[in-house]
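In the two complexes below, subunit A is the common chain; its partner is subunit B in one and subunit C in the other.
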Partner chain A sequence: MDVLVCLKRVPLAGGTLILTPDSRDIETKHLGFGISPHEENAVEAGVQLVEQMGGTLTLLTLGPSDAEEQLRSQLAIGATRAVLLETDGQEWDPQGTAAALVDAINAEETKFDLIIFGAESADSAGYQIHIRVAHALNRPIITNVKSMKIENGVAICDRVVATGREHYEVALPAIVTVRDGLNIPRYPSVPGRMQARKKPVDMKKAEARVPKLEKVNLALAPSKSKGAEVLGKGVEAVPALVEILKKIGTF
Partner chain B sequence: MILVLVDHDRGELDPLSLRALTAARKLGHDIEAVVVGKEASSLAAIVGEYGAKVLHVASHTSVTDYTPMATGRALKDLVEKLKPAAVLAAGSPRGNEQLAHLAAFLDLPMAAECSEITLGSPHHVLRARWAGNLIESANVHSELLIASVLAFSTEPESANGSAATVSEFEPALMPQDYAVKVLSRDAGESKGGVTLIDAKVIVSGGRGVGGPEGFGQIEELASLLGGTVGCSRVVTSSGWRPHAEQVGQTGTKVAPDLYIAAGISGAMQHIAGMKNSKTIVVINTDPEAPILGYADYAIIGDLHQVLPALTSAIRQAKG
Partner chain C sequence: MSKLPAKAKCVVIGAGIVGNGMVYHLAKLGWKDIVQIDKGPLPNPGGSTGHASNFIFPVDHSKEMTAITAESMRQYKEFGTFTETGGIEVARTQERMQELARRITSGKSWGIDGGRILTPAEVKELVPYIDETVIVGGYYQPTVGVVDSLRTGTIMREKAQEMGALQSFANVEVQDITVENGKVKSVVTDQGTIEAEYVVIATGCWSPKLAAMAGAHIPLTPAVHQMKDIGPVPFFKDTKGDIEWPIVRDMDVFMYERQHGTGLEIGSYAHRPILYTPDDLPSNATAALSPTEFAFTQADFDIQDEHAYELMPSIVGDENVREKYAINGILSYTPDGMPVLGETPEVRNLWSVAAVWIKEGPGTAKSVAEWMVLGDSHIDLHASNIARFHEHHKEEKHIKSRVAESFNKTYGIVHPNEQYESNRKVRLSPYYDREAALGAVFYETAGWERPFWYECNKDLVAKFGDKVMPRTAEWESRWWSPIINAEHLQMRETAGIVDLTAFAYFDITGPSALTVVQKAALRQMDVAIGRVVYTPVLGPNGGFKSDLTIMRLDADHFRVVTGGAHGMADKKWFADLLPGDGSATIKDITSDYTTLGVWGPNARAIVQEVTSADMSHDAFKFSTCKEIDIKGVKVLASRISYVGDLGWEFYVPMADGPALWDALWEAGKNHGLIPVGIGVYGTTGRLEKCYRAYGPELETEYTVVEAGMQTPKLKEADFVGKDAHVKHRAEKPVAMLCTLFVDDHTSSTGEKRYMMGNEPILTLDKQPITDAHGRRSYVTSAGSAPSLGKHILMSYLPTELAVAGNKFIVEYLGEHYPCSIAEVGATSVFDPSNERILS
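Here is the complex of A and B:
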């Protein structure tokens, strides 16, 4: 079983975002970096599959050379090797990113049985790269997977929707995107971290295309904040709240 | 003409699609709608009311439930036949996914989560990023604009239109278009009743609830108000509540009439999922919790004392 997991280096912005002076990016001078939330579940799923069935787990990312930091920390979880498609540090549009990933996947000797993405990135809200990759590789794709097992070359997946659970089965090779809740991502062990330093990371230059979804600039979303009216402390404030709920017609 | 993908679950309309129709109408073109599945022909009245002149109904014997790649192919067929200026859909997980298949089939750009759209050459959009905390201004270089409408960015407004004319067609599907489809469904962890999307009242609990047993108080209040239970990500990650109840960027985005957040401090990801609620009430011990910045009313106090008192006071007031 050969698995590929695609990752994205993103700033770990806990609270308020600050923009760079040219308003084209988030100011990251004082921020750490990590990967998008669901991607930790993607790596964990890949590690578990290789533990159970043997094979390899490859990580792939497109980003600045600094993204090696994220690849190394995920190699420490148990991946075999990694490929970094190095950009000039600019953000690429979804079509350009997907095309570069597809080229890199096609250039690999390994024909991956399963390609896993996180369901969505923390930052760009594009909702399309995984689907473009699936079309280009002519592979089936199941998105937003919350439970998955592989049996006899078939990926058996459930996704959670508002009304319950949907059940899917699809023959490998396939692509899935996974969500938080799929598994509990493990922390890297100390030996894992030591080994990760020596694991191979292939650095490749990626050529940017002219973006068709062209970012002009970014702005902070206006806060709808009017500041809450504090009704009081503890149970003493309950009657005031009951009056408000009556007024707005809750009951 | 602008083509709007109207999403439905086995014939039941996705309310966000009415917002997408409303947003499409504001662009000053004729509107036509498209649904996948014969069972959705009955939506002709409502999509007509919201301004669509025609409802295209794509049906195929191999497509009986949500099949996103088949939708993408059906949209592609229609785009090639009708040459619309834009294809829009609701910025829901399903809306985005189905549009992305269209964009991939045509190898054209797609702008997701748009709060403003200006048709032109290039097209221009404002779209939400970083869980709605950033707004990107972007140009879309493509004759056809493919864009999803940010959930809750447009209030649904009826156009008082008459029922749309139904036009059925069979998309030229390839077997791979329906290789991935829903094989079965079950209620899963959800207990039936009011879903988060439909709820008028949501009572949500966070880390401050302290454990699964604390949700008894949340459930009681929710059921008293005819609402449903929600929760934050930490609650589902800790296994206290099922994932179907998670509100936020990584869960469900909601906009009920009343959202009561108990013991939720308000991470960016959670705020993104509930900030459009009409009235937001916070019960929290921490007067500095970020969620207060988005709330209308707050009680500073321990939810374990406030919730039972609130429940009994409401019960009394109801008589």
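Here is the complex of A and C:
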């Protein structure tokens, strides 16, 4: 079983976001980088499949050379190898990104049985890339999957919808996009980190494509106050607490 | 939330371990009306206190740092927030084993006992999860522990509130600190302005930014310290307390590992220096974790992972033990590694308590609070005094380059004489090129490049043979040359010329000038014009704040000459004594003047050749100064000596320096004049004469009487510390400063070893010696006395033991050597009647 997981290097925001002076990017001076949470589930799913069934897990990303940091972290979880399509650091539009990924997948010797994406990227959340890749590769795709198993060359997936659950069975090769809740992604161990340093990362220059979309600017969503309100100390706090419990209907 | 008050006696900015310590100790010392603000929430406002690793190793080679740490530990224990775990520093090299022996030695000197060397197997007994085959031994300190710094801060803050002395406000951001007539006036915040008599900056890595608001400088840089928590560790499954196993410092790879709960924290000072500026730090709102917890950069930690794996393979190598948390934590680093404490020289009543780590927090707060309220602290803080910095020390370039250089030495083996390599040649004397051509080996003081010895004198080593007391051991040969001792011996035969440009000079002038210098000096300053007075400068408790020379150049004109290293602190000390009505002013002329010294039996003959002035003993008396002419250059000549030979110091404007050097050098050719470095001036010449130095011998914790420096008659005029000094004169001193000789230098391997200073003096049965005030006896200064063929140690010894001929043991790098008292008090062991100086 050969699995491919596609990733994206994204800023790890924990506090209030700030934009760059031209409002076209998130200010990342104070931020670290990681991958989107759903992609962590994708990698974990890939690692588990290879652990159960044998085979390889390849990681693929398009991004700046610094994205090697994210690939190494996921290699530390248990992926086999990685491919980095190196850009000049500029954000590409979905068409360009998908086309570059498709070219890279086609160029691989391995014909992947399963390609897994996270349901959305944590920064732009465009829901575009996986569909475009599936279309270009002429493969079936199941999106927003919350549970998945592979049996006899068939991906058996469930996804949660407003009215309940939808159940899909699709023959491999296929593409699946996963959501958090699919599994509990593991953290790296130190031996994993050490092995990851020795695992191959193919660095390839990604040829820039003429973008069909232009990013004009970003705007911040109205911030929600995340400040905690101190209701009081000890017994004194009880009436205020009761009020709140009544208000939210639990009392 | 209640409103900020409009006025306060003191505003303390910062609610980390230091700010909380300050409000507590100020309140305890009786201050009321204290307002504490922090831009973050309580109890963890987001500074370094919130993520610090919180363990304390009590021993440092610095006496000051060890004393502050000991006081902090005492307070943590008092608050019930200290857990004793013991700690082991492990060595992977023999060089480190020597360093560990040196640390035990320093511990004994500073009163921290119980340290012992362990074999690898003994380390394994205490820490079963290490691989003992990668180490060669360890140093176990049973009193190592872990504190809860956030809890301690909260307790201290609440105690200050209980005393009715404090109001604390969280989430208040300082926008400005205003100053009026050189004195702090108010703190402007986003929630109002507070007028304050005193303002304390206790804001860790943000301190430079706040100081700059008032036009002051706190030279430090935020720097990254990486740490990673892994777990759960099966071996720790059954641990009962949060902290149960000894902390391990893997010294040779600059790392530590410590258990807490079921996890193992791995920290490092081995990664590349990652330095920021305070403006780089995010606000509490925009920070992903906290403003001082940056995203972990794994690539900087790759090698550290391997080193941790080597030492603790059963834990770190377990694939199921996973990273739980990892950060690039921000700490404060200063260009010389010491904290930044005290009133800023730029703004009166604006105090800095910065670059203080958890292990130093409560002790530092107590000491600085004493300094603010009582005028002085019990622990001598001279190495941390904010006034120590020269202008160039405050520049970003200096701070960053020195911290980048020293960061990886946090756990390094740092030789006491080790020199910085970065940001050198900042200040050059007018003789620099001449000295370089003579093969000068330059050491740095206060930015000045000073010749420590001259390679051109190499042949003298052969001339004097064994009299240079050659050293074979690498440690004490490092940053040393036998040429120093050869220069010494040659100077005693003929003469030497010494570059003293690194002195700091300031002129005090005006109708009240005499009052100012009288106030500062222990000795009588109402002397004839042209007198030169060497005098101690005392603090309010009668301990030493400095020792320096003051020349009376006119009725209302005094020139203070002092060492460069401490010069700026001295300047502030004198400036603080100015009356404030303009009747006396101080002018720093450090960068305008240069000094050359010429000493030795032939000094007079040399100088007389180039001047028309009468340089005879009767015409130019010792301890006097006058203007003379040297080959057309107007020179202020002062007949004094710090090396114990006849001679003068010559002061000229910088521009005249080269002409002065050339005149003396030319005249010296017929009289055997050699260039002599600071190795002689600062150590060998000084020690033979038993001259005391500020810092090693002269400090707050010892009195003038104990140093053997009291004048026969007490001067009538008032001076700082007089009351205490009068009391000291009336008491029997508890200890006396003694000069000792090492009687046998032979180590267990047969090699001769030479102490470097700071070693403990022990009784003949190898027990530490403590005086009635609880002070340990240790070597304040050590060095060769080439004229006597002896290695000299200075040490304060309890008065009852301070008897010439009494025998002791000195511990050096874990071995014991016999020594004995040669002199009690200030009498020189070389030329005790000063015939040479007075010839």
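Basically, the second predicted complex is superposed on the first by the 221 of 251 C-alpha atoms of A that agree within 3 Å, B and C clash if a C-alpha of one lies under 4 Å from a C-alpha of the other, contacts with A are read in each partner's own complex, and residues count from 1 in each chain.
The working rule: a residue touches a chain if its C-beta (ideal position, glycine included) is under 8 Å from a C-beta of that chain, and two chains touch if they have at least 3 such contacts.
The shown structure was predicted, so the numbers you read here are calculated from the model rather than taken from an experiment.
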| item | value |
| --- | --- |
| Residues of subunit A touched, compared between subunit B and subunit C (which is higher) | B |
| Which of subunit B and subunit C A:Ser124 touches, first, second, both or neither | first |
| Touching partner for A:Ile244 - first (subunit B), second (subunit C), both, neither | first |
| Partner chain(s) touched by A:Glu229 [first = subunit B, second = subunit C, both, neither] | first |
| Partner chain(s) touched by A:His30 [first = subunit B, second = subunit C, both, neither] | second |
| First (subunit B), second (subunit C), both or neither touched by A:Ala13 | both |
| Contacts of A:Gly153 with subunit B and subunit C, given as first, second, both or neither | neither |
| Contact residues of subunit A, present in both the subunit B and the subunit C interface | 13-15, 17 |
| Subunit C residues touching subunit A - in the complex, by the definition given at the top | 230, 280-289, 294-299, 302, 305-306, 308-309, 316-324 |
| Interface residues, subunit B side, partner subunit A - complex | 9, 66, 68-69, 93, 96-97, 100-101, 103-105, 107-113, 122, 127-142, 148, 176, 179-190, 195-197, 201, 225, 233, 236-237, 243-244, 246, 249-250, 252, 257-258, 268-269, 275, 278-282, 287, 290, 292-302, 305-306, 309-310, 313-314, 317-318 |
| Residues on subunit A engaged by subunit B in the complex (per definition of touch) | 13-15, 17, 26, 37-38, 93-95, 119-120, 122-128, 131-132, 134-136, 138, 140-144, 146, 158, 160-170, 179-181, 184, 211-221, 223-235, 237-239, 241-242, 244-246, 248-251 |
| Subunit A - residues contacting subunit C, complex | 12-18, 29-33, 69, 72-73, 186-194, 197 |
